[in-house]
Amino acid sequence: MSNSLSSNESNTKKSSKKIGIVMRHAPYGNNLAHEALDAALATSIYGQELTLIFMGDGVFQLLHQQESKAIHQKNLEKQLTALEFYDIEKVFACKHSLDERQLKQNNLSINVAAIETEELQQLLHEQDVLLSF
Amino acid sequence: MSNSLSSNESNTKKSSKKIGIVMRHAPYGNNLAHEALDAALATSIYGQELTLIFMGDGVFQLLHQQESKAIHQKNLEKQLTALEFYDIEKVFACKHSLDERQLKQNNLSINVAAIETEELQQLLHEQDVLLSF
Amino acid sequence: MILSLAIHSPPSSQASYSAYQFAKVALIQGHSIYRVFFYHNGVYHGSDLTCSGQDEFDLIDAWKQLQNEYQLDLVACIAAGLKRGIIDTTEAERYEKDHHNLGNHFELSGLGQLVDATVTSERLISFGG
Amino acid sequence: MILSLAIHSPPSSQASYSAYQFAKVALIQGHSIYRVFFYHNGVYHGSDLTCSGQDEFDLIDAWKQLQNEYQLDLVACIAAGLKRGIIDTTEAERYEKDHHNLGNHFELSGLGQLVDATVTSERLISFGG
Amino acid sequence: MKHSILHTVNQSPFSNNTLLQCLNTYTDGDGILFLENGAYAALLSQPASHLLENKTCYVIEVDLHARGLLEQELNADIQLINYETFVQLSTEYDVVQSWY
Amino acid sequence: MKHSILHTVNQSPFSNNTLLQCLNTYTDGDGILFLENGAYAALLSQPASHLLENKTCYVIEVDLHARGLLEQELNADIQLINYETFVQLSTEYDVVQSWY
């Protein structure tokens, strides 16, 4: 635990917050992934410093060629590719989760940085606030 | 797959159906376990031949000394002990699931028959219909 | 064949969509659906207040149309419904609420309807998650 | 400290109960709660039509009382709410519904309110499942 | 008295043990149908893949399609089916057990 | 720049891998708080019990109590806490991450 006084001070500087959004659930089973990406877009529209982190079954959200029309659902891939238009460039995926599922970079719909566990730990611990989906 | 004609015939005999209710989820995280037991009671009140099967985290429903008032929820244990009043005697638990969780018979609030995997398979395959919770 | 469905998942879960597709295809194939029983978070299907976007599939409306076409018996468990704020005019009066939200194509009833469907149908298929 | 909560679970999930207990205890301890944002299936909290049994804890009513006492800002995401049939009078008119169900103590608003809460509060705690 | 069971599984085998529990009750003559997030069970990379050998397995094709899984390496023992076949299987097997 | 994280886990470690994912991100100075069905993680019999050694862990006592777990063999390294302490910990750690 860090000194709570200094933490208070840094946290009240409104505009400088690093917001991390953690995506851990497979898409389409429910619409958590869709709503999480909506939240990501909103965060970015409001000018916040955003980092997206995909891990566990959440990395399945990144797969390309999702034909979700077949099950009458909105395409997550479209939402993901829209992120680039909003200058969300800090998109990371847990390399261990990708490997476990044998997903390769060229299977993914957007550019993500696949990071090792240690980097993932570091990244999470750099954020000022974490939103979990 | 059995012959569908003979299956049709046996299934239309209304009063002779063996109904199995499978309980697989831990209690209190949501109220699936409560509502499943309500369904079990209803099934028995309407005079059907009922078998209750607990497996996986569902065996946690059987633990005694649940003090659910502490989290403002209805006590599942009371619902379970009520089963005896309605002559629901066919209550089984997967032995493997109990062992894995190191739960012993004297930790349970009601009498259940702990059955090995083979017996569990047999029991499930004897039912005319399965309700899953 | 005579089928019944038990739906335990909220409309936003894909399990609920699967249940609808199953019902629709079964009816088209000529099977009869004795009852669809909505239980647990499945009772949220009974709300008539959902507002879907133009580009979105409207599951509640899809059930309504299927009900119209095949006179389906769509029943939401009354106890599970009350707890979750899915009520008809009768319950609204009883609990002194100014509003209700159960769709006309739905009915609130007890668990006996689930038992009856289980016994009467040749297959009962559950959808949850 | 200034706290905000994000609740993604339906009222029947224990996560929703934990969120309420957390809020209540935090307020008693003298912390301030900037906002409680209800999202995903959490928007079902906004319904004013839930009818609990006498012997049951009424989570919706508990939030209402907490709101009364502390003037809490309880916000349900409007997009997630519309999809799930949680609407106020304005939306009922817009979508031509005869009824609405959002409680008076609740407000429908956009995701900007979540972002604002995230930035403004010293801690944001999420509840889901 | 022994009935055949059509098991439906809608959970990802990468994140929970629903499929393993199902497999524990599977006997000859049964079938397993993967749908929704259960479709991830059709990936060859899933942890329980080897346990599906010699078992009758189906997966809803549109669920694979929606998730972008048709391009991935799939377990060849699993039959791709549509909702029509799902309904048909429900009537051909004696009982349906849903694992969710 | 390194913040401390209070991880909350509300899923049973017997049925899914939420806790394992959480542990993968845990670093010194963090804490893990078990609540709701996460309370089952306090059982010594749970599959990831040995992974909790040398980690700071808490469990909401009423969640153990409600589930009848106080009579079972518990992991002695996990501190039993109430909601008051939960709130306090949320303010003492820099960030809260919920695993659900």
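Chains: A, B, C, D, E and F, in written order; residue numbering restarts at 1 for each.
The rule is short, and it goes like this: a residue touches a chain if its C-beta (ideal position, glycine included) is under 8 Å from a C-beta of that chain, and two chains touch if they have at least 3 such contacts.
Everything quoted here is computed from the prediction, not taken from an experiment.
Undergrad: By the touch rule set out at the top, what is the minimum number of steps from chain C to chain F?
TA: The least step count works out to 2.
Undergrad: Return the chains shared as contacts by chain C and chain E, ordered by label.
TA: A, B
Undergrad: Would you mind naming the chains that touch chain A and likewise touch chain E?
TA: Both chain A and chain E are touched by C, F, going by the contact rule given at the top.
Undergrad: Between chain C and chain D, two touching copies, which fits better, same or different residues at the interface, with half of the numbers shared as the threshold?
TA: Both copies, chain C as well as chain D, present the same residues to each other, with over half of the numbers appearing on both sides.
Undergrad: For which pair of chains is the number of C-beta contacts greatest?
TA: C-D
Undergrad: Which chain's mean C-alpha position is the greatest distance from chain F's?
TA: C
Undergrad: Measuring from the mean C-alpha position of chain B to the mean C-alpha position of chain E, what distance in angstrom results?
TA: Chain centroid spacing, chain B to chain E, equals 24 Å.
Undergrad: Using the average of all C-alpha atoms in each chain as its centre, how far is it in Å between chain A and chain C?
TA: Chain A and chain C have C-alpha centres separated by 35 Å.
Undergrad: Give the residues of chain D that touch two or more other chains, as numbers and ranges in rising order.
TA: If we look for residues of chain D contacting two or more partner chains, we find 1, 8, 12, 14-15, 40, 56, 122-124, 126, 128-129.
Undergrad: Which positions in chain F are in touch with at least two other chains?
TA: Those would be 10, 14-15, 17, 36-37, 91, 95-96, 98, 100.
Undergrad: Residue numbers in chain A touching 2 or more other chains?
TA: Residues 7, 28-29, 31, 56, 71, 73, 129-130, 132 of chain A touch two or more partner chains.
Undergrad: Just spell out which pairs of chains touch, all of them.
TA: Touching chain pairs, listed by label, are A-C, A-D, A-E, A-F, B-C, B-D, B-E, B-F, C-D, C-E, D-F, E-F.
Undergrad: In the complex formed with chain E, which residues of chain C make contact?
TA: 1, 3, 8-9, 14-15, 18, 21-22, 25-26, 29, 31, 122-129
Undergrad: Write out the stretch or stretches of chain A touching chain F in their complex.
TA: Residues in contact with chain F: 1-2, 4, 7, 22, 24, 55-56, 94, 96, 117, 120-122, 124-130, 132.
Undergrad: Report the residues of chain B in contact with chain F in the complex, numbered from low to high.
TA: These residues of chain B touch chain F: 26-29, 56-57, 60, 63-68, 70-71, 73, 77, 100-103, 107, 109.
Undergrad: Which of the residues in chain D come into contact with chain B in the complex?
TA: Those in contact with chain B are residues 12-15, 17, 55-57, 129.
Undergrad: Going by the contact rule at the top, pick out the chain B residues touching chain C in the complex.
TA: Residues 7-8, 11-12, 14-15, 17, 19, 31-32, 35, 38-39, 42-43, 45-46, 48, 129-133 of chain B touch chain C in their complex.
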